[in-house]
Amino acid sequence: MTDHKNHAEHAEAHLREKHLMLDPLPRGRMNEMVMESMRHITWKFWVVFGILAAISAYGLFYSWGVMIAEGLGVAGVNRPVYWGIFLVNTVFWIGISHAGTFISAILRVFKAEFRRPFTRAAELMTTFGLVQAGFSIFMHMGRVWLSYWLMPYPNQRLLWPNLHSPLSWDLLAITTYILGSTMYLFLPLIPDMAMARDRSTGWRKTLYKILALGFRGTEGEWTHLRNAMNIFAFAIIPVMFSVHTIVSWDFAAATRPGWSSTIFGPYFVIGALHSGMGAVITVLAIIRGTMKHMKYFIRPEHFDAIGKLMLIISMTWAYFFFNDYMVQWYGGDKWTKQLLHFHEAGPMGWMWFAMLVCNVVIPWAILWNPKWRSTPWLVSTVGIIINVGMWFERYIIVPISLTINRMPFTWRMYQPGIEIPLGIGTLAFFALLYMAASKLIPLIPVWEVQEGQMAHELKKFGRETVVTVSELE
Amino acid sequence: MSEKFSRRDFLKLAGMGAATTAVLTGCGPASRYVKREPYQQMPEYNYNGQSTYYATTCRECAAGCGLVIRTIQGRAIKTEGNANHPLNLGKTCARGQATLHGLYNPNRVRGPIKHARGDRLYAKANDPFNDNFDDAEPNMSWDEALQTVADALTKYKPEEIGFLMGMAPDHLFDLVTDLANATGINAPVRFGALGMFESRATLSKAAETLFGEARMPFFDVGGAQVVLSFGANFLETWLSPVSYTRGFASLRQAETKMRGKLVQFEARMSATGGKADEWVPLRPGTEALVALAIGRLASEIRGGAMPRVFSSVDPIDVASKSGVKLEALEHIAAMFANSTGALAIPGGAALGQSNGLAVAEAVLALNALADNFGKPGGVYFSPLAPSQTEYQRPASAKEMQDFVQKMKDGKFKALFIHGVNPVFELPASMDFKGALANVEQVISFATFPDETAAEADFIFPDHHGLESWGYQRVVTGSDLPVLSGAQPVVAPYYDTRAAADVLISAAQLAGGSFAQALPFKDEVEFLRGKVSALMGEANGSFSAMDAVAFMASFQQFGGWWKMSDGRTAPSAADALNQNVKGDAAEFAGEGEFFFIPFVSPTLAEAGANKPWLQELPDPTTTVMWNTWLEMNPETAHELHIEYDDVVRVVSEAGAVELPVYVYPAIRPDTVAMPFGQGHTAYGRYAEGRGVNPADLFGGHFNEAGDLAFAGMKVKIEKTGKKRPLSRLESMMGVYGVGLGEEH
Amino acid sequence: MATLNDLKISEVKLSEGEGGKWGMVIDQDICTGCQACVAACAMENNISFVGEEDSGYGRSMHWIRIERFWEGEYPEVKMTPNQPMLCQQCGSAPCEPVCPAFATVHSQAEKLNLQVYNRCVGTRYCANNCPYQVRSFNWRDYKRPEPLANQLNPDVTVRRRGVMEKCTFCIQRIHKAQDQAKAEGREVMDGEFTTACAQACPANAITFGRTDDPRSLVSQLAKRRGHGAKHLEELGTLPNVTYFKGG
Amino acid sequence: MAESKIVDILAVFPDLEPAADAIEHLRSLGVHDECMNVISGIPVTEAMLGRPSQWTNVPRIAMGGAILGFGAGVFLAFISPYVYPYPVQVSSQAFVPGPPTFVVLFELTMLGMLLSTFLGVFLDSLFPNYRPMKYVPEVSDGKIAILVECSHVEENKITDALKKLGAESVKPAEAQHL
Amino acid sequence: MIKRFFDWLKQPLGLIAVGIVFLALFSIAAYGLYTTQQSPEQPIQFPHKTHVAFGIQCLYCHPGASKGPSAGLPSQAKCWACHNQIQKTQTSALLAPLKDAVLSGQSIEWVPVAIVPDFVQFNHRAHIAAGKNCEDCHGDVSQMNIAENPQVMNMGWCLNCHVESAGEDQEKLVKLTDCGTCHY
């Protein structure tokens, strides 16, 4: 009897330790932990921050300045590879940005409870990733100083943007997405800003006071906020899908071998989720490892859950990839055939195989095992590998596919130039923004965690103790 | 409280405002940064913004095509062909188009300069986009320059004074000839690398042997049905490329006849060979044999007595010697024999061999067999230009060697050089540069700071062709006798002076027989005298009441030509009864590869300083801005050489290093390389770019005295270096490089 | 197939209705690849030269290029007929709809493919979408050292870095001829003017004129030689340049 | 009149249950629902506290924004091509291309909706608002605060009742800088 | 310190100070903009007014307008042809630059006031042929001293007139609003 009871207690203790939602702390304590995670800045932070700032300054701003002054000749683009790593990076960063929306919107709509502690970490990636995507696409333009011509505004020339062009759709979609995701990041942040406002002094107090907008937590405020968040959660999902679909149409709408593929839309979306999830899990592992108190909030259960998602997405990606390959191959068009052959056997063939290994072989080999996928360092390494693989995928679609066209007299390889510092610059700037944000806004949506903890409890069904969730809304 | 807002802050604020104003003013209408200078005296036929067109003659090569230059407000902006000019009928080649890049070249000689031999004439700047003027500053006045020339004319004995001139028979040549005739100075020598590569001496010598007249033959490609070309690169730089290209077009697409065929015999496919219906890669040196064998086979087909000239040749033996299959010879012979309009052309590398004269004779004999002399689609003598009584051939390489020997022997004390760049163009083994050391005074009239100008004591720059007066006799290419006219289309951009003017003025200064020889006010007076002599000629393209009107029309129409066919038929009487020595050529040097230098079709000998010519892809290899060595893929594979590998080409006379272009259409035992690059001076676009095959040439000549430039064998050594060639074509798309193995 | 055609009848009609106005006939059989057209085009249209390094890297700015391939292996090797490749002035051009700024549009008046340099922001989408790969981009400000700039044609805009450009069928000459004809109160005559490339071509391999006028030389040539082909016609681009392979 | 003076009382409860009880009790004391407000650190639904559901304009504003966005889309997709004196032709596509208009309409509708939703929160909650307000910072530690608006006369009575119902502190609410 | 400054700004005198600063900045900016819109300095204070008053037609000095793309500036010889005979030319200080220029053979560097960017191919002749008068675009020069440009010559301005002059003629409208009519 006691044995049994002991066993049951043990199981319960185990469950509580495993699940954040069942392991509540006093709310004041939790708030304090989050505040401390922001305030706690070590010299190591400043060193890394300084290095990233230097890399961004050189890689992004200085190099970009050089490119604007000198022209795109300092990059590696040529005829026929008119688009190079800039577009690769654009697609890559938009892909990264998809994870935030996926986690905070889709998982929210479906009430997947494991999302709670890291929705904000993921949404921050969305916003900052989109910033890098924006940088990348503007870098790509030959006359970036005239980019306002792409905006619809009344003008004396009576000319409006060409809405026949996928790039115009892109602009609309990315604008919608970047605004939407930023607002969607901000709305759930308001209560946490209020919390932080109440617990800080000095400049932080001023900052949080401004950002909290005067939020108190009255019934009305909560209602408006909840309503808005629900609308956002539903509305931003189709926007997210549209963004990457439209990005894919930049390619699919072109009359080029290898590009005009009807499956590109969903293929790109799933590819975006693939890299996005990989990026989220990497960021979570870093946060967990470097920031104070984060081991409490982010636990192996979360890695396990995201790991499962990654596995599913990897399988879906493989399915779409094969689908695309199959149909292109079967079509038998001579240029497409040449291109497919070039992908595999050309000088960049290694990249094609590396892409498959990174995106399919490695994730499948590791993520099937619950223990492995609960191991933060391992699964985040897989996340990085997936991102490398997905970057390769975009590289294959953009510069490598552009090498082959219907005029063999012009085929030429692409050798990146200033794209490399610029690409590294965007990566550093992303990390820089993220680091700054991690010390300025609570990475953990405290109120959401607390709400979740309120809703969770253990329940006994016969002899088994299980986790139950009450639907509060 | 308000005193806190101090005066100093106010000043700061005001400063900010001023800065803002400055920025805003900077945003004002662009017009405030534009200045417009009206004409002081508007030319009467000019309106603002409207083009004026001037007819003149192209000076990029010696062919003498008529141009019409579009100018706007004193600037020449476009070359167009002179549609009335009988030679080119409104067409131009790429070099003619780029002549403006010579006129406005960033590196020109900007005025009279005295300098130490070998000194640079412009700062070394290989940056093609560098905006700085870096030409040497003129350091003397024209008065001093004229005095220098006058002194040179009077200081030395007439026989110690030499003139070396460009290939074109132009007014300056006439002027110097007149001067020489009157004063006893050496007759001017005309030379040009193009003439060397075209083996003009061989052509006229062969004509002399076969037809008894040393004339420039004209091959009516357009009228023919079957054309056998033995190395003649007539679509590229040969004799008169625009005119021959027109002929080729009508060979292929005349309204009234069948599409004609072109068969090209050469070891390395030229751009002309690329257009041929059949390309026959024979072994270099066996052209004469092949021509004779075809003649024999064709005679057999035609029946009748075997002409003496073909009687001694054995086609089976020729097939094995030349590497051309007997069936191929028979097939071509049949085509030749059965055609109503058969034509055979000798030219190019085929003549630049030890047996070049035999090749020319054998090929001309083929024409005799075809009985096409003086008939449409056949061989003619080119019309003699108006006022010309005999064909004035430029100097052969052998004659140049004699000239150089005279220089070395100190027989020239003063040498005037105009329109030619012998330091670059002559074989390095002839050592023109070294010979210059034995000439006391070298005066160059170079427009551009070329290698020869750099070795001169004085450079008294002539105008660019588009800035100068003149006329030029058309040597070949047209059926009409043409005197092509030139006039300045723009005012001289720099402080240059026409060489003719310099000589006239200096002759006046020198006095005596010199002053008497050139009793003219200026160049134009001299020209008018020469041109108006044509007034009395009948059947001209225009006539006029007086010399002034005649000269005006001459300028307006871009020359004067007779309206009747001036071509004459060579006499065929003895052509088939010659004895042509059909032995294979001998090759100098140790190496295992035949070496075929050819003139770059886009650059030719003097185009390297024009940036757009540099950026034109070569018609066969599409290489830009460089020199390459063409090598058969099989050979390259055997030698483990890949494309862009730098190799060392060693001849008996010298060695050069250059990258390999693996060329699918060349014999495995042959390598080839273009002539035109490898300048050590000549402006920022030319200098230090590529190599000069003239560095490899030894002093061997054919029987007519032309250089046996293709009569060499060379060694190829690997260097282990790589130098990527800029090419327009894709290595992947055209050669499948880097596309991956086929499954 | 028939049913498919029936379904698309409206589209087919639309395409056929998009008749060209100006057209070109290029005879590859007589093109010698001499590059005179390339040089003439560069001189007429203020095209920059880009130097050895950039030209070798696929950045040369030729508006017209002469393509040649090889057939067979030595000694049976043949050079394929030279193929001058320039903007085909497609009636239904893939480059046009993809420009977000309307920098490349179809001229309704001249039925040409316009490139409005100053509207171009340099996305280079048009160049990607051009099946003929005939667009060139100003990768840098390729300077013309003084006094080379004196040669620039005032009728053609000088392009700066970041701008796409391509063959215009010498639209400045079209305008000039039309202006002149109008001033003289007549129509533009066939052969009154031509493009720089056609004007220079020593072999007369390029003929330019009105394809909508059956009496013009281009129309006559196209009819007489009969076996002309248009490049990549299967893409439905309705090119206005006809090629004769000949032989 | 003394009765007319209105005072605010702020009671802080440690948990949900006593707060809900208090609300019920207050209602029985005659305090109208409209005179009560609850401040909490996590979203506590009206049902949990037995409060009438809150009116919110956010969905309506969102809908309005969507319509505006759609209108902007209609302008861009259908009208802007005709703004230029003569429609600019690209390729052989119609001036108003079919499928792409859907993309434009969709994106602009969504943009309008998202922007107005966001704006709706601001409008409905009177954000941003930096004036002094009645507030207790402890709510973010899990406390529930009830803000009762009552007349001066009833102040003591209500204070006592709230204290009895387990309020940790009851005091007259004073607006303060947040 | 900063807080004190802000506090000071909030009281009435501070608000007035803020207002003054704003006004000052605004007027400086406005002045800056104004200066950009002024007629530029010319080498000669040329009075169009006087010349027109003498009955000299526009095309006398700018004959290119009816013949080609550019109206052109008169050559100095043309100026001199008249001025040579005018006594005042010898004495007038205003005309001294002309005299100097002609006698020394120097060019007069005029600053154009009506200019289109180089990516616009403007042709005067077509406009004259279409019945436009000089003053339609250049304003009433007979009332000006130094030429001023009365228009902002931007694309909208061009288009406006093009559309108006096309009227109902669809073919003309197409031609006149075609991008390739002005940009190539």
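Lettered A, B, C, D and E in written order, each chain numbered from 1.
Here, contacts are C-beta pairs under 8 Å (C-beta built on N, C-alpha and C of every residue); 3 or more make two chains touch, one makes a residue touch a chain.
Everything numeric in this text was worked out from a predicted model, so none of it was measured.
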Any chain touching chain B and chain E at once appears in the list A, C
Chain-touch separation of chain B and chain C, in steps, is 1
A correct list of chains touching both chain D and chain E reads A, C
By Cα centroid distance, the chain farthest from chain C is D
Taking the mean of all protein C-alpha atoms as the centre, the chain whose own C-alpha mean lies closest is C
Farthest chain from chain B by C-alpha centroid distance is chain D
When A-B and A-C are ranked by contacting C-beta pairs, first comes A-C
Rounded to the nearest Å, the gap separating the Cα centres of chain C and chain E is 38
Per the C-alpha means, the centres of chain A and chain E lie apart by a whole-Å value of 55
When centres are defined as mean Cα positions, the distance from chain C to chain D in whole Å is 63
Dist(centroid_CA(chain A), centroid_CA(chain D)) in Å evaluates to 30
In chain C, the residues touching two or more other chains are 57, 65, 67, 69, 94, 96-97, 99, 102, 105, 108, 119
Residue numbers in chain B touching two or more further chains are 49, 728-729, 734
So chain E residues touching two or more other chains come to 117, 159, 174, 178-179
Chain pairs satisfying touch are A-B, A-C, A-D, A-E, B-C, B-E, C-D, C-E, D-E
The chain A residues in contact with chain C across the complex are 70-74, 77-83, 140-144, 146-147, 149-150, 159, 161-162, 164-168, 171, 250, 253-256, 402, 405-410, 412, 415
The answer for chain B against chain A in the complex is residues 728-730, 732-734, 738-743
Per the touch rule above, chain E residues touching chain A in the complex are 154-157, 159
As the complex stands, chain D meets chain C at residues 86, 88-93, 97
Interface with chain A, chain C side, in the complex: residues 54, 57-59, 65, 67, 69, 85, 94, 96-102, 119-125, 127-129, 131-133, 135-141, 161-164, 232, 235
